[in-house]
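See the structures that follow.
Each of the next two complexes has subunit A plus one more chain, namely subunit B in the first and subunit C in the second.
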Partner chain A sequence: MSNRSRLVPIDFPRVPLKNGVSRVICQLKRITIKFCKSSGASYGVRSFIEHDLLDYSRKNPEVAIYLKPRRHHSPVVVSEYLNGEKHYMNYHNFTRDNVDKWMNFHRTSVGWPKKKWRKLHYTRTPSVQGVWSPFTNMDPRLNITKFPDKYLGIPLHSPETATEKLREMFEKQKLNEENEEKVGKVKIEVQS
Partner chain B sequence: MNVFLSVRNYATELYAFSKRLGEELEDSLLRRALTERSYMLKLEEDTKKVGIIATPEDQEEDHPVEDATHSRVFKALIAALHDSSGLDRVALFIRDFIITQLAQRNVNDYWSIENPEELLHKICRNEGVNEPEPRLVGQCAVNTLLPLYRVAFYVDKKMIGLGPGETVQIAKEMAACDALWRLFKTAEHQLNIRFDTIVDPSAVSIPNVSANEWSEKKVQERLTANG
Partner chain C sequence: MFLKPFGFTLPRSIHPKSILQAVIPGKYSFSTSYLLANTSLLQRNQHTATQDVLEDSTEADKLASKAIIDKVNNHIATDPGRLFAIIKLNAKQYKIAENDLLLIERNWAPEVGDKLTFEKVLLVGGSSFTLIGRPILPRNLVTVTGTIIHKDLTHTKLRYYFVRKKRTHRLNFVREELTYVRINTVQVHPEINDPNTTEYLRA
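Here is the complex of A and B:
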């Protein structure tokens, strides 16, 4: 199945409203934990509330935390973000450690809906030297040349002609003959 | 947002809000800043009918909120910050939340110069240098649907601006704009706004030089005067 058929939007990761240029603002504004006071599925969430939640709220005073006991329901965490997004997550049978990690995940999220990242980095200036134009790296000689020009008009890559090929073969043959003569002389000298 | 399904604590939300901004805001001032006048008038009218006195808590959200309302509330918030933390914090707040929106943007997009050639000549006269001279420095695909010309402005054989265009006139205007941006130091490679500058808001500020009276000397004078 392709991503298009899953209806997942494709995008680059972006920062909302220049967040972090000078001040960093936590994008999570509100988190609601719904849990059961007696069922085993909520055990991890209950122990997180008992041991870690006060620390969590002290460390992150910018997040409004709500607790909602719901009898015989699966534990659910609703995280609301500054861009208006609202994410639901089921915490059924999560351990205390797991709950702690996921709560941290919500805190550090930006709150986009689920997306496929085209790339993990994004820039507005992909080229440092600028966009190519016909004048980029142009030979300044061309400014004063009058066309048609005799030398600039020569094709850059012309195939080898038959005459040139023959001439080359002839030169090669000549060289070989010279070499053989030299080798013959050396042999004679060695013998004498 | 359905008001009946979500139970919220107004005090908690306000506390979280001021912590989110990283500011120490007085609770009563913040409440006043976030209570819209139109909402109070409506509340007064409604309670008159029933005959009770209501407090401006648990505000219902009317969507969509108008832009004018947003801007009024934002200004009220800045006033509340001024009353609770002082002018220095306000200066930092404006720098961090408004000025930073200029990051990664081209300032020249917000100010299109009308008649740039005339302005360039005027500035050169003010500065006391020779008249800038436009020259066609390049052309490409001239007799086609998509021609490209390149014009540069020269002062004493030195190039001060370079611009492309689909006609010579447009290229000339672009070149004049480029020359002006290089003079004003707002060309794309010169844009470097420091977002960690600390400005003293109580110091007497001198207004910027108008484009018609612009000169390097006047800008330097203002820079030294503002520290």
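Here is the complex of A and C:
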């Protein structure tokens, strides 16, 4: 396989004629089976024509089927689609089951040239409740604050400074002293 | 050396070696008696997943929740507008809305033209409400339907397999099967929190 055949057009997934929104339309319009009446390579195709082709055409009345016998060539199937695409496929030495499988594949396929889909999902309604952003459920206070702000400007995770530690210790001491005083007062009251 | 018994892990508080020495005379051999002796200990430490149901205890709470449910019911009954749903399909979750196109990258049984009803709906949301299933919503509350429209093959992918220092590498060219699904309807039926509709129907 050459590298060139890997270079396929990239696109977002889509389907012809908005297929499936209200109805499903078979995209296959016409299918031509070219085969040989005598050679072994078209044996499977011949048995498919004998046993399964009538059923196939009855099931898919919207598809026109053509048979084109030609001497000493390997069998080929040409499928034409509603959008004008034309695909050739060689059925050389295919079994009857294989032929059946690939004929059904042509019927169900989109009919577009090979494409690489960017996503496997296409939507016209990407969001119903609104696209989330970091600000969606935030306090609207930020809208009216003036920057630089004294409290918002404080770094979130700053280590405690020595002065802060001292201040804390001092305040703890103060509290303890107050408590002791209170307790002392209560004691005195009890005594009295 | 840290020893780990077969099958399950020991709680953090007990050092495995200490129990081993106490129960089994042999140095590093495990026996069923050891496992049996300690099952009760292990069970005590296992956390079973439970679901808390918060019931409205006060009258005010009951009124508030009723007001919310009535609002949602009213919204659904009048005009729910555009809805979205999260469905589970082939072990994957998709967030879908009406007329969406889903491509499923695998061989899937339903044929082209088949109409499907997706029954594993995990969540449904509108512009003003969201219904969350536990884990799925009851079948008669929500209906999500879709149609299979095409079955095709992907572009040719490269599948490269390589084992270091073993002289094995393989390059395969693969075209996966693609099933195109069109989502047709996402509907919520009125009367949420009604015991008749919210009960799970089992076939």
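Please note the rule applied: the second predicted complex is superposed on the first by the 123 of 192 C-alpha atoms of A that agree within 3 Å, B and C clash if a C-alpha of one lies under 4 Å from a C-alpha of the other, contacts with A are read in each partner's own complex, and residues count from 1 in each chain.
Note that a residue touches a chain if its C-beta (ideal position, glycine included) is under 8 Å from a C-beta of that chain, and two chains touch if they have at least 3 such contacts.
Every value quoted in this text rests on a predicted model; they were computed, and no experiment measured them.
Colleague: A:136 contacts which: subunit B (first), subunit C (second), both, neither?
Modeller: neither
Colleague: Mind working out whether A:109 is in touch with subunit B, subunit C, both or neither, as first, second, both or neither?
Modeller: It touches subunit C, and subunit B stays clear.
Colleague: On the A-aligned overlay, A:29 touches which partner chain: subunit B = first, subunit C = second, or both, or neither?
Modeller: first
Colleague: In the superposed arrangement, does subunit B or subunit C reach more residues of subunit A?
Modeller: It is C that touches the greater number of subunit A residues.
Colleague: Touch check for A:64: first (subunit B), second (subunit C), both, or neither?
Modeller: First partner only, subunit B.
Colleague: Applying the touch criterion given at the start, work out whether A:17 contacts subunit B, subunit C, both or neither, answering first, second, both or neither.
Modeller: Only subunit B; A:17 stays clear of subunit C.
Colleague: Between subunit B and subunit C, whom does A:120 touch in the aligned arrangement: first, second, both, or neither?
Modeller: In the superposition, A:120 touches subunit C alone.
Colleague: With both complexes superposed on chain A, which partner does A:158 reach: first (subunit B), second (subunit C), both or neither?
Modeller: Neither partner.
Colleague: Would you please give the residues of subunit A that touch subunit B in one complex and also touch subunit C in the other complex?
Modeller: 21, 124
Colleague: Enumerate the contact residues on subunit A facing subunit C in the complex.
Modeller: Going by the criterion above, the answer is residues 1, 5-6, 8, 13-15, 19-21, 24, 27, 105, 107-110, 114-117, 120-125, 128-129.
Colleague: Tell me, which parts of subunit A touch subunit B in their complex?
Modeller: 17-18, 21-23, 25-26, 29-30, 61-64, 66, 124, 133-135, 138, 143
Colleague: Along subunit C, where are the residues that touch subunit A in the complex?
Modeller: Of all residues in subunit C, those touching subunit A are 81-84, 94, 96-105, 112-113, 125-127, 130, 147, 149-156, 158, 173, 180, 182, 184.
Colleague: Per the contact definition, I'd like the list of subunit B residues that touch subunit A in the complex.
Modeller: Interface residues on the subunit B side: 7-9, 12-13, 15-16, 19-22, 95-97, 100-101, 103-104, 137-138, 140-141, 148, 150, 164, 195-196.
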